[in-house]
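Pasting the structures in now, so scroll down.
You will see chain A twice below: alongside chain B first, and alongside chain C after that.
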Partner chain A sequence: MIENTRSIDRVATAILIAGLAFVLAPLAVVVITATQSYEDFLARNFSLVPGTHFAGNFREIWTRTDLPRQTLNSVIVGAITAAGRIALAVTTSYAVVYFAGRGRGLVYAAVVASIMLPLELMIITAYQVTANVALPLDAVANMGGWWGALFGAPLDLQWNLLDTYAGISVPMMAQGSCTLILVQFFRTIPPQLARAAIIDGAGPLRFLRDILLPLSKGPLTALGIYMFISAWVQYMWPLVAASSPARTMAVVGLARLQEDAERIPDFPLQMTGAILVTLPPLILIALFQRRIVRGLTLSEK
Partner chain B sequence: MKQAIFRARFLLWGLAAPQLIVLFLFFYLPIILAFCWAFHLEQPFGGGSQFVGLANFRRVLGSSEFWSSAGATLLYMVLASGTSVAAALVLALAADRALKVSPLARNVFIWPKAVASASIGVIFVFILNPFLGILAPLNDLWPGFWNPRTNVLHTYIMLFAANVWNAIPFSFIILLAGLQAIPQELHRAGAMDGAGPWRRLRDIQLPLLGPQLFVVIVLEVADSLSGSFGLIDTMTQGGPGGATNLLVYKIYSDGFKAYDLSGAATQTVILMALVACVTGVQYLFLERKVNYDR
Partner chain C sequence: MPETRSNAGIGLHGLVKSYGGAPVIPGLDAELEGGEFTVILGPSGCGKSTLLNCIAGLERLTAGRITIAGREVQEEEPKNRRLAMVFQSYALYPHMTVAENIGYALKVARVPKAERMARVAAAAKLVELGDYLGRRPGQLSGGQRQRVAIARAVVREPQVLLYDEPLSNLDAKLRQDMRMELAGLHRRIGATSVFVTHDQVEAMTLADRIMVLNKGRIEQFDTPEAIYHRPASAFVAGFIGSPAMNLIDVTGDGSHLRLSDGTALARHPHRGPAILGIRPEQVQAAPGGIPAAVTWREDLGAHCVLTLRLGDGTALRLATGPGQAAGTAATLRIALPAAALHLFDISTGRALAAAAAPATMKAEHDHLPS
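Coming up: the complex of A and B.
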C-alpha cells in the first residue's frame, strides 16, 4: 500500500482469522455433532470427533419429523414474499422517481417510515388484523351505525388469513427497505433515457416494461435473493401466524424439535435438522455473495 | 427530488396503491389498533371492549415487572447494537486492507445472514450448554464456572455472542462498502503529511465513514430488538428469573399466552414510543456529527 505497514497488516490478518474462527466454529460444531449418534453423544458428551451416523440422523429427520414438509413451506413463503416485495417496490419506486405530483413525497415518507418499526414490535395487533383483514371495512361501515340503519344489521365481514401462505407472507411484505434501495437505484439512471423513450412514443408503462426493468435485472435478482433469505430466516411472525403443522415454516419447526424435553435432548438430531434448515439459504448466500453485496450497497454510493 | 418526467397523476397513485394498501393493513393499522386497545379493556375471543381511559397505562406502569423488562430492553438495545456494530467495524477495517485472507473473509462474514436468529439460538444453547457443551469440562474442574441458566451475566454474554454472530453481515457489508469508497488519494495525501495509519483511521477513515456508521447504528437498534425474540425464545425463555424477559418477549407471552390483550397493546405502544425516542435521539445527536460531503 502506501508505506511499509507490515505490522499493521499482521494485526489485521490476525483479526480476520479470529473473525473467521468465530463465524465458522459454531457451524463446524453443528456439522460434527450431526454425524454422531445419540448413544455416542450420551456416552462421550461434547466431542469434536466426527461419527458415522449422519445418514441415520438424516433419515430420522426426513421420515420421522415434519421438517421436510416445513422446508417446502419455507421455500413457498420465501418465494411469495420475495416476489411480492420486489413487485411492490418496483411499482412504488417507479411512481416516486418518475412521476410528478403532489403525492410523491408523501408516498415515499409513508413507505420509508415503516423501516423503523419492525413487525415484531406490533405482533399482537398485526395478528388481530390478519385474523380478520376485513376489519377496516367493518369499522368504517359501522361508524355511527349508518350501515346498520341502511341494511338492518351492522356489517360483519370476516376474512381470516391466519394459517395461510398469504397470511404468513403478505404482512412480511409491509416493510419499506426494498423500496428505499430501488428508489436510490432508479435515481442513478439517466433521465435522458425516459425523455428519449417519450420522444419515441413510449408511454410510462411501456418505458417501465421495455427499458427500466431490463436495465434493473441485476439489482432486482440480487434484491430478490436477499429478500428470499430474509423471509426464510423469520421466526416470530411465522410462529404466531401459522398454528397448523401444515403451514409451519422450517425455522419454527427446528426450534420446536427440542420441546418434548424430559430426557437429555437428542442434540445430534437437532443439529442435523439445523443443517437441513440452514443449507438452502447458505448455499444461495455463498454463491451470490458478490451480487447481493452489490445490490445492497446501491443505496450507499 | 429530480427526475419527475411523467405527469399522469392517477397513474402515480395507481402504481403506489398496492404497496400503500399492504402498508396500511399490516403496518399502520396494527399501530392504530394498538393505540385503540391501550385505551380500552379488550376481552379475548371477541368478548367486547370497553373504554377505560388511562387505566391500562396505570396498571402497566404500576407493575415492577414492566419496569425491569423495560430496563432490560433498553440495556439490550444499546449493548446488542453497540457490540455488533463495533465487531463489524473492526472486521471491515481489517478486511479493507488488501490481505491474502480478505477475499475469503468478505465471503464468509456474510454467511450468518443465512442463519435464522432462532436457529443460531438452538445451536448456541447446545454449544454453551453448561453440562453437555464445550465449556462442560471447565465446569467439572470449577463447579459453577459457567452457567447461563442461573447466572444473569452468563446469560447475557451468551445472548450477545449469538446476536453479534447473527448481526455481523449487514453492518459488515455496508461499512466495508463505505471504506472502499474512500479514495486512495486521501490516504496518500495523509501519509505524505506524516499521518500514520492510526492517525489516518481517526482523522480520515472514521469521519468519512460517518454516513454508513449512522445508518448501521440506527438500523441495528431496531434489528437487535426484532432478532431478540428468536434468541430469547430458543435460549432463555425470558429467564433466569425474568432477567431476559425483554418487552418484545413479554408482550408475546402477555398477549398470546395470558390473553391480556389490553396490557400487551399498552406495552406495544410504550415499546414503539421507546424505539421512536431512541431513533429520534440518534438523529438529534448522531446525525449532526455526520459529514455527508466527500
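Coming up: the complex of A and C.
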C-alpha cells in the first residue's frame, strides 16, 4: 500500500517516534546509569546525567565478577541449544514432509503442541531427570520390584547432569517452534526436486545433504540465531539447572550480581553488566541482519 | 555421439495403480519398442503422468509387471532402471550451477571427476549449452532451463528417457523450436523415449506411436497417421484434430444415416443408432446438399471455421480449405462425403469396422493440425 497523503505521513512519523521513545527510554537509562559511579549513584539516586565511570565499572565487571566467564557459558549453552533444536527440527520436518509414514500427523501435532508446553511447566520433573538421567530406566526396572527380585537389589543407576553444559542445554532443546517453521519451508520446495533427486540416484540422506539443506541455508541461519537468542535469555531453567558460578549462564549471573540484600544495590555496576550480557546477541544480529530477514520470508530465489 | 538405437523396449503387463482403492489405471498392457518415441496423450486426470511415474519407479504399482529390455523392474529402485526423466517444471537444483546440475547423477554414482567433466561438457554441447555451464538455473531463461533438464537426463546415457510434459511451461514459439530439437535429439541418441503430454500437436509431431489414454485405459495405440485417419473410438476422434472432429448422433435405416428429425445426412448401409464422425475440413459446401444455418464464423487467416446448425439443432463445424473465403451467407448447403465418414458405436464409442474410412484420403494431409 502506498499512500502519499502528507497528514498520514506526519501521523505515521509521530507514532513511530513515540514507539521508538517507548522502546529506547529504558535502554537509555541503562546506558546512562552504567556511566555513573556507585558514589554518584548513592548521592544522586537515578539521574539522567551521564557520568564518567563506565571504564571503571566495566573493569570491575571484567575482573571482579564471574560475568565474563558466565557470558562464555551463555555462548556455549546457546550454541549447543540452537544446534540441537535445529538438528531435531531438520530431522522431524524432513520426516513429516517427505515420508508418508503412518502417524506422521500425530508426530507433527505432538511436536507443535510442545510449543504450548514451556519448560517452566515441567521444571520439577525436568530437574529430577537431569539430576539423574537414568531415573526413568530405574523406575521401569523397579516397577513391581522385579529387578530386585531378579538381582537382589533394586536398580539404582545414577547419571547426574546438573551443573553441566549438557544438563542446561539438552532440556531446552525439546521445543517445537523450529519444526513448525521448517515444515512450512520444506513444503514450499517443489516436490519435483525430490523426484529428480531420486531419478538421479540420490538416497534420502544424500538428498537431505546435497539439496534440501543447501536450499534451506537462509531459514536455518535465521532460525539458528533466533534459537541462540531465545536460549540466551532463558532464566528459570538455567537458574535451577546450574548452581555453581562456573556453570551459571550470563542472565542468571547478572541477577546474582547483587546478592547482599543489606546494601543499596550497585545499580551502575549491574547496568554495565547488562550491557556486557546484551552485546553478543546484538553483534550476532548486526552481522546476520539481512540473512535473518531474508530467511524468514521463507522463499529461496 | 553415434547414431544408435536403444533396444530397451518397455513392456507393461497388467499394470494396475490405485490410490486408496480408487483405480487410476485399472489394468493396462502395452509393448513400447526399443528406440521408439512413444507419446502418451490424454486429457488431464487420465492417468498419463501416473503411468510415467510408474515406469520411472516414482510410484509403486498396485499390481502388474514392468519390463525394460526384458528385465522385470517393478521392484527396482528408479536409479537401477537405467532411465532418466525430464520434468514439467524442469526440477533443476537451484543452488547448483548448470554443470553441477547436469553432473549430479554422475557424482552420486561416483563417476571419476575427469570423466564426469567430459560427459557433462558433451551433454551440454548436445543441447547447445556449453557457454552457460557456470550459471545457476535462476539466471537462465525457460528454454535454457529446459535444455539443462534434458542435458541432465541424457548425460547418464539412459536406455529409456521419460518426459513429463516438458514443454508445457514454455511459450508457443519456444515450444515449437524445442519440439524440433527434441525430435533431432531423439534421432541422435536413440533412447527409447516416453513423452507425456496433453498437447495433440506435440503428440502428432514427435511420436513414432501415440498412446491415447482415457480414464487409465488405452483408447488407441498407433502411429500418428492411423490415430488421425482411423481413430479407434469416438474419444480419440474428438481428441485429435483441431478444430475437433464433429460427432453427431444419427440413426441408420440401411441406406442413409439420419438425424433425429429424419434429415438424411449421408448414404451408409448402417442400421440402428450410431455416432457419426466427420472432420470439419471434410464437410463440403455443396449446392443441393443439406441446409444449415451459419451461427458463428471464425476467420483464422489460413482458413475459416464455420459453426453450423442443422435442421434438428445439431451443431456442426466446417473448416474451409486454405485461402478459401467463408462467404457471408446466413445459410449454406453442405454434403458429407461418404469416404470421410467415421462411425462409432453409440454405447461403447468404439469405431464400427465397416465404417472405417479409407486411408487414402490424400487431401487430409494438408490439414494436420499445426
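General observations
The rule is short, and it goes like this: the second predicted complex is superposed on the first by the 281 of 301 C-alpha atoms of A that agree within 3 Å, B and C clash if a C-alpha of one lies under 4 Å from a C-alpha of the other, contacts with A are read in each partner's own complex, and residues count from 1 in each chain.
Keep this in mind: a contact is a pair of C-beta atoms (placed from the backbone, for glycine too) under 8 Å apart; a residue touches a chain by one contact, two chains touch by 3 or more.
On a predicted model such as this, the values are computed, not experimentally measured, just so you know.
With the C-alpha superposition on chain A as described, chain C and chain B fit side by side in the combined arrangement.
When both complexes are overlaid on chain A, the residue A:147 reaches neither chain B nor chain C.
Of the two partner chains, neither chain B nor chain C is touched by A:228.
For the combined model, the angle formed at the CA centre of chain A by lines to the CA centres of chain B and chain C equals 90 degrees after rounding to the nearest 10.
Judged by the touch definition given at the top, the superposed model places A:292 against chain B, while chain C stays out of reach.
Contacts of A:54 after superposition on the shared chain: neither chain B nor chain C is touched.
Judged by the touch definition given at the top, the superposed model places A:214 against chain C, while chain B stays out of reach. Of the two partner chains placed around the shared chain by superposition, chain B is the only one that A:97 touches, whereas chain C remains out of contact. Comparing chain B with chain C, the partner in contact with more residues of chain A is B.
Once the two complexes are laid over each other on the shared chain, residue contacts for A:195 go to chain B and to chain C alike.
Once both structures are overlaid on their shared chain A, chain B and chain C have a minimum Cα-Cα separation of 8 Å.
Residues 195, 198, 300-301 of chain A contact both chain B in one complex and chain C in the other. By the touch criterion given at the top, residues 190, 192-193, 195-202, 206, 210-211, 214-215, 300-301 of chain A touch chain C in their complex. Chain C meets chain A in the complex at residues 53, 56-58, 78-79, 83-85, 87-89, 91-95, 104-105, 108-109, 138, 152. Within the complex formed with chain B, the chain A residues making contact are 1-3, 5, 8-9, 11-13, 15-17, 19-20, 22-24, 26-27, 29-30, 33, 45-46, 87-89, 91-92, 94-101, 103-105, 107, 110-111, 114-130, 133, 135-136, 170-171, 173-176, 179, 186-187, 191, 194-195, 198, 204-205, 229, 232-236, 239-240, 251-252, 254-255, 257-258, 264-265, 267, 270-271, 274, 277-278, 281-282, 284-286, 289, 292-293, 296-297, 300-301. Note for the complex: chain B touches chain A at residues 1-9, 11-13, 15-16, 18-20, 22-27, 29-31, 33-34, 37, 87, 90-91, 93-95, 97-102, 104-124, 126-127, 129, 131-134, 136, 165, 168, 170, 173-174, 177-178, 181, 187-188, 191, 197, 211-212, 215, 219, 222-223, 225-226, 229-230, 233-234, 248, 251-252, 255-256, 261, 264-265, 268, 271-272, 275-276, 279.
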